[in-house]
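For reference, the structures are reproduced in the following blocks.
Paired with chain B in one complex and with chain C in the other, chain A is shared by the two complexes that follow.
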Partner chain A sequence: MPPWDNFEPFIVSGLALGGVYALSGVGLVVLYRATGVLYLAFGAVGALGALVAWSLITRAGAPGWVGWLACIVVAAAVTFGYGLLFGPALAKRDPLVKAVATIGLTLILYGAMDLLWTTSGGQARSLTLPTDNGGFTVGTVQVTWTQVIALGAGVVLTVVTSAFLRYTKLGTAMRAMANDREITATLGVPVRRVEAAAWLGCGVLAGVAGLLLADLVALDATTLTFLVISSLAAVLVGQLRSIPVTFAAAILVGLLHDLLTPIVALTNYRDMTPFVIAVIALLVMSRHRVIVTSREEA
Partner chain B sequence: MRRNMSVRRTIMLAAALALAVAGCSSSSSSSSGAAGSTPAAGSSSSAGAATVDTSSCGSKPGVKATGTPIPLGAIATNQPGTSFTDIPNMAKAYFDCVNANGGINGHPIKYYIATEQTNPAQVTADAKQLVQTDKVLGIVGSTSLIECSINSSYWQKLGFFVIDSGIAPECYSTPNSAAVNMGPRYSSDGAVQYALAQHASKIVFDQSNVPGTGYIAAGPAALAKAANVPIVQLTENVPISDASSVAIKEVNDAGPNGAVILNFTPPEALIILQAAQKLGLENRVKLWGCSTPCNTDFLAQSLGAKWDGKLFVNAELTPPDGTNTTAMNLYKAILKQYGTSVQGGIGSFSQMGFTEAEIAVHALESISGPYTVQSVNAAFKAVKDFNTGMLCQLWTYGDYPLHIPNNSDYTVTPKDGQMTTSQGCTPISAVDPQIAQYRGAAGTAANAPA
Partner chain C sequence: MSEPKGRGAAATLERANPVRLRRRPTRPQLVKWGITAVLVLFALFALPQLMSLYYVDTMTQVAVYSMVAVALGVLVGRVGLVSLGQVAVLAIGAWSAARLLFATTQPYPLILLEAGLITMVAGVLIGLPALRLRGLYLALITLMLAGGITVVLATVNFPNGGHGFLGYNGSLLHIPPIRRPSIAAGDPAYYRFSVIIAILMFALVLAHIKTKPGRAWAAIRQSEAAALAAGINTTLYKLWAFALASFITGVAGGVLAGAIHYLYSINFPAQDSITLLAVVLMGGVYNLWGAGVAALLYQFLPSLLNNWGVSADWLVILFGVGVLQVLTTAPAGLVDQVPRDLARLRHRLSRRRGKRAPHD
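Moving on, here comes the complex of A and B:
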């Protein structure tokens, strides 16, 4: 086992990574609670936004802020458009169908990105934020402002979203829809409008997460598209319902993943972290379910 | 409420399934990424003014070849994230040029390009399709993650002598394949050799965690051992999702006088190097090195000035920037006129395609009788001391049990967004036992240093 000071740099990188996973996870939970859709295209739309931003900044010479804004707008537009177009048709379908439909969107976007931003001929791209150039040092560890923003965004989003769902009219409507869409509709809640707001919010989060992940991880369609998997593990731990638990699980995934890096025997298995955490959580939850069922039977 | 619970459980099950499926697709993506085993990527600078008339590619300028076609074929990997089609596409551009300027003694070359997605059955079928349906007489320009491993025995059985760009070990270690590039192992050797020459006190060699890493790592390990310098071998799952951790680990392992040598595709190498830069790690080691895939202006431009003179990249082919030779100008002119399907433009990929086609045309022109599998492959095998204008040394196929005809390299470093030459042609050390074996077989051992 390496000495403790070898782990210190990995705490910083793990927290930053966990923060962005939390951002994605919270977006997934909010959308699921409002629409019943597990949005597996979250990573792909973020990747699309980030690649559009890269094209605007690098190819078209647009100012950085235009590119960053475009990233969020593109991700929001695609998600909102998908929600408007397919949301009503899928509203009464089985949850599995809804989730699989978003895999369809993922594959279409992934194919389009591979076509439009090919890696043929050794092409490599990057999207760096100005916050990479500043930061501070903790001991011997350099912390960039982007890392701070990543963690901060996760924390702020968790607090704000929790408050939003609890204290606002729209949030209450979303919570009601999570329980029963039909009854909520009969109570006069404009379900289409509430769902549209959820799709839009989720898209904005996908754009923000895409932007941060393109900087912190990589500007690569494959990487960003499938990075949603790590967030999905956190969402599972939060049982698709609890935003604080999702946040905590996301931080745990990021932290554990990076802390395994200096351990030689485990370093090549660190990518399994989200899967292991998800499996353990599912096992614990299923055990709890058996106990509850037994009580009910008794 | 109970229904909601059931729905939630269903969707959680779906999510769990998605996790499992994604886990599979992730590992598949890792192997397909095969970062460590990609051939050279290249410079991407604009083609510039091609001053050479492309008609010099053929024996009868301006005369279109109308004779019986000579069918040739290639197999290239083409899948999301990994595409080597630029190489056969550039070979096709060269053949198109030759066909428009007299062909091979009046015969045009008909070129078939089969693509594959790292599926062994598909790679086998591609070879059979080329041979049995398209009736190709030779294989030129193949570049695939697995083709050499899968089809090597098939080509031997049919008597085909393949001219390719190598990735898998069998592209270099079998009698029927000769590559124009050095491939991941010998390119990594070159990068480690440069670091050792700069007196690095420790080597950290990091590459993608894909099949064949042991074969690649054996070369750098032999070089470090011979120099009595400790070496740490690392592998990373690709695509890399935690570049900061990877960079920190590499720097910690190397120490202030050590060198970190990377063997990844350009996108993966770029994210590691950028992560190092963001964390201020670029100056925490003596130098950073990279095998040939990093030799791309895309990378130099993305990295910026902080890496100028800090990152040293092995280059298997003559750097196109600033090289003003007949072959280089012809390559640029053909690329401009015929290479519309070459997406990466100027760079090592298209240079390789050009070189392979150039060698094939040179061999075909030496045939006086009919063009058959026997005559075409005998001509390929007989190529000796051919000056491609793209390599450090003359290119020979020869009747050897293994082929590493390109075993002398350049070292380049980024400067002002371009890769510039840092060290001229330097033979790869014969401390690597495979290099020693090849030089022994080819009779060139006496001309190269250990």
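Moving on, here comes the complex of A and C:
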């Protein structure tokens, strides 16, 4: 076991990573609760946004904030467009079908990104936020503002989204739709509009997560596209509906992943962390009752 | 076990009422069998003569992935279980086959059988707890498990002739290739070998679909509750489907090991399982031909595009569009849609001609 000093920097980076996972997880949960769609293209739209931002900043010489804004706008626009186009068409299908359909979007975006921003040739891209340079030290550990923002965004979003779903009219409508779309529609809730709002919110979160992950992890289409699987683990622990549990699981995944890094025997296996946590959680939960994904299956 | 009894009963009945029970194959059926036979013979004997070695190797891959696709097709189309981790299962099969091939001198078909059985055990062990979940959760847990297996394989590495249980030696300068059966050492011969194995696997699937398990699966797919009420042991048959799919995928992994000679964990990225599901859905999951179409989409088209100098990324985009199209308008995939659309076109054309005829 390495000395404690070696772990300290990884606590900070782990919390930051966990914060972004929480951010992604909350975005996924909100959309799932409102529309029943598990948005597997979450990572892909974030990656697309980040790559567009990179092109704007390094190629077109745009100022940084234009790029970051473009990242969020692109991710939100793609998500919103998909939601408008395929949301209603698949609304009555099984959650599994809806999730697999977003795999279609993932593949389209992934292929397009690989085509437009070719990764072969080994030239690594990077997207650095100005908050990387500033920072402060806690004890002996250097903390960048980006890491603070990452964790902060996760925490703030979790609190704000929970409050939003709990106390606002739109949030109540989303929760009602999670229970039963048909009855909610009968009660006079503009179902399509509420769904559109959820898609837009999810897209904005995807853009923010893409921007932060591009900085914290790597600006690479493959990595970012499939990083969604890691936040998916947290969402699964939260059974696709609980925001606080998703947040806690996301922090745990991020923290554990980074804390395993200095342990020589386990460092190669640290990427398994989200999968192991998700599998254990799913199996423990399913011991007592069968998890039901939709009313028809019950 | 119920097979002989069933046949005996049928035979007695047949004697009592020969007209009703002796099912003569109908004409369309005969035509279908004929086409199948011609296609199989063509694939076995004519194709390797017609194609360059590049495409022979590609077609070997097509044979391998047609097995993977037919296994996934059984899970998705017959039982309604979506697995997002089939590439990890393929990797387990390839790993066990490679380890056995380096460790023993057993004949290749025996090794394939063993690799299939090992993978089957692994699949059942994974499936046993996973089957408590259903639908979306099952798909996601297979994705998670596949992610975990991929990480383990990346660390453990594939056997390369080293010693010990794992059979990997990182400091080996000369890595021996994974051997092939002595009768199928060359590429065309190995291609024929893999086609024959693929045919056997398709026959195995067909034998399941036409008999009791197939009917049980059909009932489970329609409604698990109704199947349970009808006295079907749903857990057993779901597990059976998992076992069958893992076995076939494991055998495919064994064939793959000999086909490419050297195995690396980067050959089996977890995200390929997602693409695989996409092409299997595109090909069509309710029809065995769909698996062949899926394998052609997955392995032949990339080679073709590569030969033409077109980026394979266009294919990924095409697969994405295909998934969306299958899910929204054509649930049975290309295998069903293309003939239907052609028939409709022919119908429309002939109707137009028919309308015009009396006027002229």
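To be clear about the criterion, the second predicted complex is superposed on the first by the 289 of 298 C-alpha atoms of A that agree within 3 Å, B and C clash if a C-alpha of one lies under 4 Å from a C-alpha of the other, contacts with A are read in each partner's own complex, and residues count from 1 in each chain.
As a working rule, contacts are C-beta pairs under 8 Å (C-beta built on N, C-alpha and C of every residue); 3 or more make two chains touch, one makes a residue touch a chain.
This structure is a prediction, so every number in the text was calculated from the model and none was measured.
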| item | value |
| --- | --- |
| Greater chain A contact set [chain C / chain B] | B |
| Partner chain(s) touched by A:Val276 [first = chain B, second = chain C, both, neither] | second |
| Partner chain in contact with A:Ala101 - chain B first, chain C second, else both or neither | second |
| Which of chain B and chain C A:Gln142 touches, first, second, both or neither | first |
| Which superposed partner A:Pro88 touches (first chain B, second chain C, both, neither) | neither |
| A:His257 touches, of chain B and chain C: first, second, both or neither? | first |
| Which of chain B and chain C A:Arg125 touches, first, second, both or neither | first |
| Which superposed partner A:Phe226 touches (first chain B, second chain C, both, neither) | both |
| Partner chain in contact with A:Leu236 - chain B first, chain C second, else both or neither | both |
| Touching partner for A:Pro244 - first (chain B), second (chain C), both, neither | neither |
| Chain B and chain C footprints on chain A, overlapping residues | 38, 94-96, 99-100, 103, 110-111, 114, 222, 226, 229, 232-233, 236, 240, 268, 271-272, 274-275, 278, 282 |
| Touching residues (chain side chain A, partner chain B) in the complex | 6, 9-10, 13-14, 16-17, 32, 36, 38, 40, 94-96, 99-100, 103, 110-111, 114, 118-126, 128, 132, 142, 144, 146, 178-180, 216-218, 220-223, 226-227, 229-230, 232-233, 235-236, 239-241, 257-258, 261-262, 267-268, 270-272, 274-275, 278, 282 |
| Residues on chain B engaged by chain A in the complex (per definition of touch) | 1, 4, 7-8, 10-12, 14-16, 18-20, 22-23, 25-26, 29, 33, 40-42, 44, 80-86, 209, 234-235, 237, 239-246, 248-249, 252, 265-271, 274, 278-281, 293, 296, 298-299, 302, 342-345, 347-350 |
| List of chain C residues in touch with chain A within their complex | 82, 129, 132-137, 139-141, 143-145, 147-148, 151-152, 154-155, 224, 270-271, 274-275, 277-278, 281, 311, 313-324, 327-328 |
| Chain A to chain C touching residues, read off their complex | 38, 86, 89-90, 93-97, 99-101, 103-112, 114-115, 222, 225-226, 229, 232-233, 236, 240, 268-269, 271-272, 274-276, 278-279, 282-283, 286-287, 290-291, 293-294, 297 |
